[in-house]
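Naming follows writing order (A, B, C and D), and every chain is counted from residue 1.
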Amino acid sequence: MDVRELYQQVILDHNRRPKNFQLLDGASHRAEGYNPLCGDRIEVYVEMKGDVLTDVSFQGSGCAISKASASLMTEAIKGKSRRHAEELFESFHSMVTARPGEATKKNELGKLAAFDGVREFPARVKCASLSWHVLKAALRCNSETVTTEE
Amino acid sequence: MTTLDVKADFPILEPDAERRRIIYLDSAASSQKPRQVLDAVRRFYEVSNSNVHRGAYDLAVRATKLYEEARCKVTEFVGGYDSRGVIFTRGTTEAINLVANSWGRDNVRAGDTVVITALDHHSNIVPWQMLAKQQGAAVRMVEVTEDGRLDLEDLRAALKLRPKIVALNYVSNALGTINPLPEIIPLIHEAGAVVLVDGAQSAPHIATSVSDLDIDFYAFSGHKMLGPMGIGALVARPELLDEMNPYQGGGEMIQEVGDEQSTYADIPAKFEAGTPNVAGAVGLGAAIDYLNDIGMDAIHEHETGILHLALERLSDIPGLKVFGPDEERAGVLSFALDDIHPHDLATVLDQEGVAIRAGHHCTQPLMRRLGVQSTARASFYVYNDESDVEVLACGLEKAKEIFSYAA
Amino acid sequence: MTTLDVKADFPILEPDAERRRIIYLDSAASSQKPRQVLDAVRRFYEVSNSNVHRGAYDLAVRATKLYEEARCKVTEFVGGYDSRGVIFTRGTTEAINLVANSWGRDNVRAGDTVVITALDHHSNIVPWQMLAKQQGAAVRMVEVTEDGRLDLEDLRAALKLRPKIVALNYVSNALGTINPLPEIIPLIHEAGAVVLVDGAQSAPHIATSVSDLDIDFYAFSGHKMLGPMGIGALVARPELLDEMNPYQGGGEMIQEVGDEQSTYADIPAKFEAGTPNVAGAVGLGAAIDYLNDIGMDAIHEHETGILHLALERLSDIPGLKVFGPDEERAGVLSFALDDIHPHDLATVLDQEGVAIRAGHHCTQPLMRRLGVQSTARASFYVYNDESDVEVLACGLEKAKEIFSYAA
Amino acid sequence: MDVRELYQQVILDHNRRPKNFQLLDGASHRAEGYNPLCGDRIEVYVEMKGDVLTDVSFQGSGCAISKASASLMTEAIKGKSRRHAEELFESFHSMVTARPGEATKKNELGKLAAFDGVREFPARVKCASLSWHVLKAALRCNSETVTTEE
């Protein structure tokens, strides 16, 4: 497989110029995630109004995959309901951990489908899902550090 | 540059139906194995396999003989004091933990100081932190200079604390820095401390004499020096071992077992509780034979040659930054390329068949001091050659292209 | 008697130019290895060898996958709670020392009692004696009956002391006694103690479910169950492991390493400091596949068949005395012949190509209770058959002849 | 090699009916030896007058080799000078540890030459030399336990 199927243009772009890459002052929820394999760390901030994620942002260090994934995640869930965000996580997670040939919900994922190639790179699955795990932790409680072990 | 021309001895480096050619540049993590070592291990299982020491039959006599021969080979290879001072362990990590637990608990007390260094591997840091916590002792970490050498001034300052032990590596796995042991060890002894040298990266690459260097404890792993996994050794001054309490209790290490308490065997048996990894020791012995056949000096020269070639070739690549000292460095090359994350580099290179390591290399204190989370690292061994360097460089250029396209 | 017909899988049992046919009757000390296991280990080194967990390249991914698959195989094979509760160790001895040091130091305090048994191997005695001495705790050794079974009355008495832990084996390596764990373990738990079961002799021979038996800690060795040397496991209740402090410090077992102290990884990594014996784990996985292919019940039946055949055949030999119970016994036969010293028996048999063990079998407390210094021991496994028993019997008759000639 | 070359008649005889197998009340020197490989234990008693071993005996448990060796040793050294006993030990030791084909002082050893076959049985060398090590320890000081590691 060509490595460019992993590093698709949208991923490279979001790595270069991540969206929502900042602290969120009015955040009602936040969590921190740590990937012990590389030492990278990501913080996710959420502003919730009722059931809606009115604003989302992230900070931290990471590889192209994790940064782009965090960036695209914030875009995808901003303004969405908590329920919707959780469903996206499910679809995303099953896409990046799918076995070769297995069907995925790629089509429902919009831009996030760019991470379809990750499943061919088992060592990088954690990178793609790190920010999502942190989001989940942030929604679960107010402040927590998670380490991802797939 | 010399060529050792041994690649053909390493089956994993040959392309086959299942996979293509691998350029293996991660020997600092673990080395590949020559046919000769794999054959020796297999032959052991097919001809001599049995438990050792306590058998009165032929197989057990053979196995015991092979096991003790391997001990002698290790003794000679690292210039140990005496084969009684060679304890087989799973590897470096276990050897260091053995010392921290056995020697450490009896000799490091509340208020004492243990000196470690910021250049070391977690395996030579965490056991001392754990010991210090248990005993109420202090850990003093010696600093590194900006180019990744041990800060000898700071070491001198640390020695003023009259530490009980100084634990440091000979060669840094993250940067390749070779510590000037002949200069350092006398200072340590003058300060009244015992020295433990982590030889995980020296045993495979540098002709070493533990006794000439006056090292008290020397630890290394077989899997990094062409030997099998699951075997390594602690090489120590026998007088120190004689006085130490056993680390683990069990078969082989006892003299007589009473209902309430027991007496222990003499060294080295005292520190080898349970069935040893005889096949592993035999494989390590075969690896030593193999290395001796090439010659440790030839190996060092070969690696230095590749290192300098790589340094030169990589300097052609704009944005490539090398960590570590210019001189006194083993065949380890830690680097960064532009702002490309090391794991992304490793993934791109892997698609070109080049295996490098990305990460903190189990040296987080060092990474903090270098101001990075991780680095990309290529490390060289007997089976690497000029062409490997070229493939590496091309892979890096490809990565640069992929990632700069987005700029 | 069933015949498994697997002898041809074991290269060492074939006569060759270097040596003649071996009748190997010392599997309780260490087993021989089938071609399938040797092939799996070799294939690992030739196709997938690398360090695990921290590599971003293909080889490292493969090695990690194989290593974790082996962990899953172990979990299933012994009916563990969860693969997080499977820690790879060098073998039984290391697994027990891990528990004695990590769980023991935090849970056994001055004045507490640790219960061990007179039927156990030194590896399940000495670590507890060492722990008790360090902590100022008491060791209470449960007695055996005259026919070599655990004295359950005495166990009940010992449990009245409200011990913190009871350590006992499932199957005795010296006599083959199978302890009635389903009866014993509830008693131990009712008494508020944790139970460690030494499974060195059960894992190779008896279908076991650690979780069904409600065992807290279960230790065993790969080399006794057709696997390579240098690998084994501690299988434990994950909740217990979660709470325990690490045993050894080093690479792989950390989360973040600070200058002064560090945080640790989750289980199982927390207890696997340093480079693991990946090839060993892969070999153990292959051994488990091999055993599963035959079927553990078939193996037990086969061994019971040989044991009874041997008991019968040896009863023809005047002056032959068998130690141990008549029922509930695995394929282990400890015996004495007239007043011939067991080592002399072993030497005579060795000249006939029969490898038996003579000695205390690392069970000196038991030997004292049997009133002997040592016994001769024949132990059976998948590759033994009827003809082996006959050769053994003839060898014993020859020994008798040699030694009675002097009478 | 036939096992009967190891278990020669004289060895079998001395195993059955060991000489000087008793406590020696008037012993001026004694030592105990322990073979950790088998758990066997032998005590050697010596009565010294000046430089001469006027009486020697042993007790303990052991295999045929160790018992016969102790028995034959006591016979060989009784009434001999300390120097002579030590020389015998040297010759005996080099005989049982000689490599295949290597020349030995077998001829000077009289009945003790019966142990020539031991060197073909490396696992049993300790058995043959145990009592000699204990003798040496007894002569060195008054009371001591030695463990033999060849």
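Following the convention adopted for this analysis, a residue touches a chain if its C-beta (ideal position, glycine included) is under 8 Å from a C-beta of that chain, and two chains touch if they have at least 3 such contacts.
These numbers come from a predicted model, not from an experiment.
Engineer: Looking at the contacts, which chains touch chain C and chain D alike?
Structural biologist: Intersection of chain C and chain D contact lists gives B.
Engineer: Would you mind telling me which chain pair, A-B or B-D, is linked by more contacting C-beta pairs?
Structural biologist: Taking the two pairs in turn, the one with more contacts turns out to be A-B.
Engineer: Go ahead and note the Å separation of the Cα centroids belonging to chain A and chain B.
Structural biologist: Between these chains, centre-to-centre, one finds 37 Å.
Engineer: Counting only Cα atoms for the centres, state how far chain B is from chain C in Å.
Structural biologist: 31
Engineer: What whole-number Å value describes the gap between the mean CA coordinates of chain A and chain D?
Structural biologist: 78
Engineer: Quick one: chain B and chain D, Cα centre-to-centre, how many Å?
Structural biologist: 47
Engineer: Hey, what residues on chain C touch two or more of the other chains?
Structural biologist: Residues 54-57, 60, 254, 256, 343, 347, 358-359, 364 of chain C each touch two or more of the other chains.
Engineer: Would you please write down the residue numbers of chain A that are in contact with two or more other chains?
Structural biologist: Those would be 37, 39, 123-124.
Engineer: Quick check: in the complex, which residue numbers of chain C touch chain A?
Structural biologist: So the residues of chain C touching chain A come out as 53-57, 60-61, 65, 254-256, 265-266.
Engineer: Applying the document's contact rule, which stretches of chain A touch chain C when the two form their complex?
Structural biologist: 34, 36-37, 39, 122-124, 147, 149
Engineer: Given the complex with chain B, which residues does chain A contribute to the contact?
Structural biologist: Touch residues, chain A against chain B: 1-4, 6-7, 9, 12-13, 15-16, 37-40, 61-65, 121, 123-124, 127.
Engineer: List the residues on chain C that touch chain B in their complex, please.
Structural biologist: By the definition above, chain C touches chain B via 11-12, 16, 18-19, 22, 24, 26, 29-30, 32-33, 38, 41-42, 45-47, 49-51, 54-60, 90-94, 96-97, 100-101, 118, 121-123, 125-130, 133, 139, 141, 221, 223, 228-231, 246-254, 256-262, 273-280, 343, 346-347, 349-350, 354-359, 362, 364-365.
Engineer: Chain A touches which residues of chain B in the complex?
Structural biologist: Per the stated touch rule, the residues are 340-344, 347-348, 351, 358-360, 364, 367, 373-374, 402-403, 405-407.
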